[in-house]
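The structure appears right after this line, and notes come after that.
Order of writing sets the labels: A, B and C. Residues in every chain begin at 1.
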Amino acid sequence: MTNTRNDGRLNNQIRAFESEQSLLNKADGSARFTQNKSSVLAAVYGPIEVKNSRKQKILKSLIEVSFTPSVGNTTYLDKEKELLIKNALESIILTTLHPRTQISIIFQVFSDDGSIISCAINAACLALLDAGIEMQGLIGSVTLCYNHDKSIYLDPTAQEEKECKSLSVIAYGSQSSQIIMNKTEGTLSMDLYFKSLPLSKEACDKVISYIKLAVKNRIMGTISTNTTSTTIES
Amino acid sequence: MEAFQKIHPLEFYRKFLQRSVRPDGRSLNDIRKTSISTGAITTACGSSFVKIGNTSVICGIRSEVGIPSFENTDQQTNIFVNLELGPICSNIYSSTKPSEQAMSLSSKLNSLVKRLDIPKEDFYFDQEGKVLWYLYVDIYCLDYDGNIMDASILALISSLKNVKLPRGIIENTNEYYKDTEQLRSLQINHYLFPLSFSIIEDFILSDPSNQEEQLSTSNLTITLNENFEICLLSYSGIKPISETILQESFEKLKNRIEYLKSLIDSAQEH
Amino acid sequence: MNETNNPISEINIEIFSPQKRLKLRHIEKKNENEMEVDTDQDEIYKSRRLMIPGQSIAKEGEYLKGHGTFHFDGNLIASVCGNIERVNKLVSVRAFKSRYNGEIGDIIVGRITEIQGKRWKVDVNARQDYFLMLSAINLPGGIQRRRTSSDELQMRNLFVENDLVYAEVQQIMGDGSVAIHTRNLKYGKLQNGCFLKVPSNLMKRSKMHFHSLDECGVDVILGLNGYIWIADTEQQRKQQAFIQKHERENFDQPLVLPEDHKEITKESRERIARIKNSISLLAEGFMVIHPKSIMQVYKQSIKMALSAKDLLHPEYIRQITTYLSTLPLENDSNLDMHEYPEEQ
């Protein structure tokens, strides 16, 4: 018995993805990830010289994350997002290859309609691929919300996030079936939590295969669009 | 021996961890001595002081009146938590810039408090609820020896249970009078039981000290309430974690719940 | 609770077509179909194949791991997104975009970012800033003498922050930091010209990096790190003569370039702009940048009667890059284009 949600989706349907890569000229890598009305732009600079030499790490590259919301200044909520995203990305980037350098990842939220941390992590994965930074594998992230009637919504909108009983952001990598990052808040029974882990793993796998598809599409291109409307004057 | 600890801290720890002990004599699952006391600050409407090992945290709550917000959610909008890690607790933190760790922890504490299910009537200043009490919870770390999260959560729940708010009446629409004789406490039927873990290589350590946190590759904090429901789960780190380890962590926390409950309750009785 | 057992239903995936596209040049055109199907993971084809981080290339013992690969769980796995390249037993994955990696002897153009004790830090679009030691430059006066403490105090008279320098990579230290030098009369500070940055992957190592394009009277310096300098030939020659005279005669006085030496006519400014836009057109089309290709674009733009700024228009960019790809590949050893991806 599946209930349809406000926007007509089923409980376990993710919103359609859209992505764009290499949009910025100056950044080493950039990508924009959109899920209907949630849209985040990620820009990657790196590896570059460490700006604040106190933070320089001798054996690894320093990962700096900056998260700017769509409206207003950065608050402590954004700082928490920064730390979560930073740890998630640090686990897939091979930081030991670039000691004493810094990899900066900057996020700008264009519009926030729920699942914004997941959007950001997915955008970062695409941007890192664009920048050519060595990674162990790919990372995909989804958000789940658990409702009062014990149903689980995958990829909630902002309204659904407000109304739910519990919210969980989770990230998996392509290399193993272990959790890279998880933050769950709200009241949630342990049973339901563990039952939903395979669901979130599958959803992250879908995100990762989308990312692979987007990158391949961008690089291989579709050959037909090239020579349609060109005229060469003699 | 001390030189070895300073030069190769990870090697030093590994030698202990392989024998399932830690340098301070604890086993990997042992938790340091925890103590909670409440009501130390008389000028605040609620306060508590928590010590886990050497980590000490003091929490004070002040109250203000204000008009109700127009948000229509069943989440708590009357309590705001702020955690400060200043130079008094450790030399890592500066006095000018708020540390990112403090901001991130404040955010987690706020999300815990939002879903605490305190009836709205408890916050009414007057009989009808035209004006509400707003509580500002300030948590200061006095001594940082790891596991600030557990200490803060225990301090938060103890001080909230310790809060005493006076009743009030409004006259002439903008004169507020407090009845300081009659004080009532908030009806908080829930408890929060936290436990933090650090993962160093493949060893999982409960209640990490500062040294252990710095060597760790990942950190896990879980909080259950008295119905064994998850209130907060935060895992972030450089290596991924498997489900079995998560399940084991929940088991370890369940064993500790009785003890924590008795601590929180006995602190309230004073 | 039923939902947890259901598999995830079809997800609508829309792939927004990106504006910038990197197209691979298929060397053997009949392999096109092979490229799109990603089946066999064990063999490595001789033609290029796209790898994604986490994708397994081969079993661990079969090949030596080069850049862009790592060992995990008994397999050789790609760590960047890019083409596989195989030289005998060495397998590496080359990313499409990466920061410049300096080799000894590379000619580069850099920008001074900081003045430290006895050295300058130079930004060259690499992973770290490169060092220009005080002992690695030619002091004014031309005499070979020891650097004294007064030289150290007067470093600002030589190079200041944001100056452009034309230099060569001298040495790579044990900890990975790189030292550059300008110990040659042709190296030194670059003034009165135009600067441009392109991806360093498009720059090719060749015999000369300083090109004087006679047809347009423009000097072009193609730094291997992707930093390019364009200036007017006439003006640079006059400037150089003045500076050398100054060095010989009154080097202890500050160098002040007279106004007429800085003058560049409107026509030569137009030509410089055209050259600059031609280079950015080549960068846009992801084509290798060298004087021949720059001149091809330049001539084509004149033939098409485009003004210099029209070269920035996407429509004309498309036309000209298509035209260029139809030109026959020249058998010049400098133009070994098989190494780099190009637009088709």
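One rule holds for everything that comes next: a residue touches a chain if its C-beta (ideal position, glycine included) is under 8 Å from a C-beta of that chain, and two chains touch if they have at least 3 such contacts.
From a predicted model like this one, the values you see are computed outputs, not experimental measurements.
Common partners of chain A and chain C, by the touch rule above, are absent. Per-pair tallies of C-beta contacts place A-C first.
Ranked by how close its mean Cα position lies to the mean of all protein Cα atoms, the top chain is A.
Taking the mean of the C-alpha atoms as each chain's centre, chain A and chain C sit 30 Å apart.
With each centre defined as the average position of its C-alpha atoms, the distance from chain A to chain B rounds to 29 Å. Taking each chain's centre as the average of its CA atoms, chain B and chain C sit 53 Å apart.
For chain B, the set of residues that touch two or more other chains is empty.
Shared contact sites, meaning residues of chain A that touch two or more other chains, fall at 173.
Not a single residue in chain C touches at least two other chains.
Looking at the complex, you find that chain A touches chain B at residues 76-77, 79-80, 82-84, 87-88, 90-91, 162-163, 165-166, 168, 172-173, 176-190, 193-194, 197. Residues 1-2, 10-14, 16-23, 28-29, 34, 46-49, 94, 98-101, 129-138, 150-152, 154, 173-175, 192, 195-196, 198-199, 202-203, 206, 210, 212-221, 223, 225-227, 229-233 of chain A are the ones that touch chain C when the two sit in their complex. Interface of chain C with chain A (complex): residues 1-4, 6-9, 11-24, 32, 35-36, 38, 50, 52-54, 68, 70, 72, 77, 79-82, 95-99, 121, 123, 127-129, 175-176, 303-304, 318-319, 322-323, 343-344. Interface residues of chain B facing chain A in the complex, by the touch rule stated above, are 73, 75, 100-101, 103-104, 106-108, 111-112, 115, 218, 224-225, 228-243, 246-247, 250.
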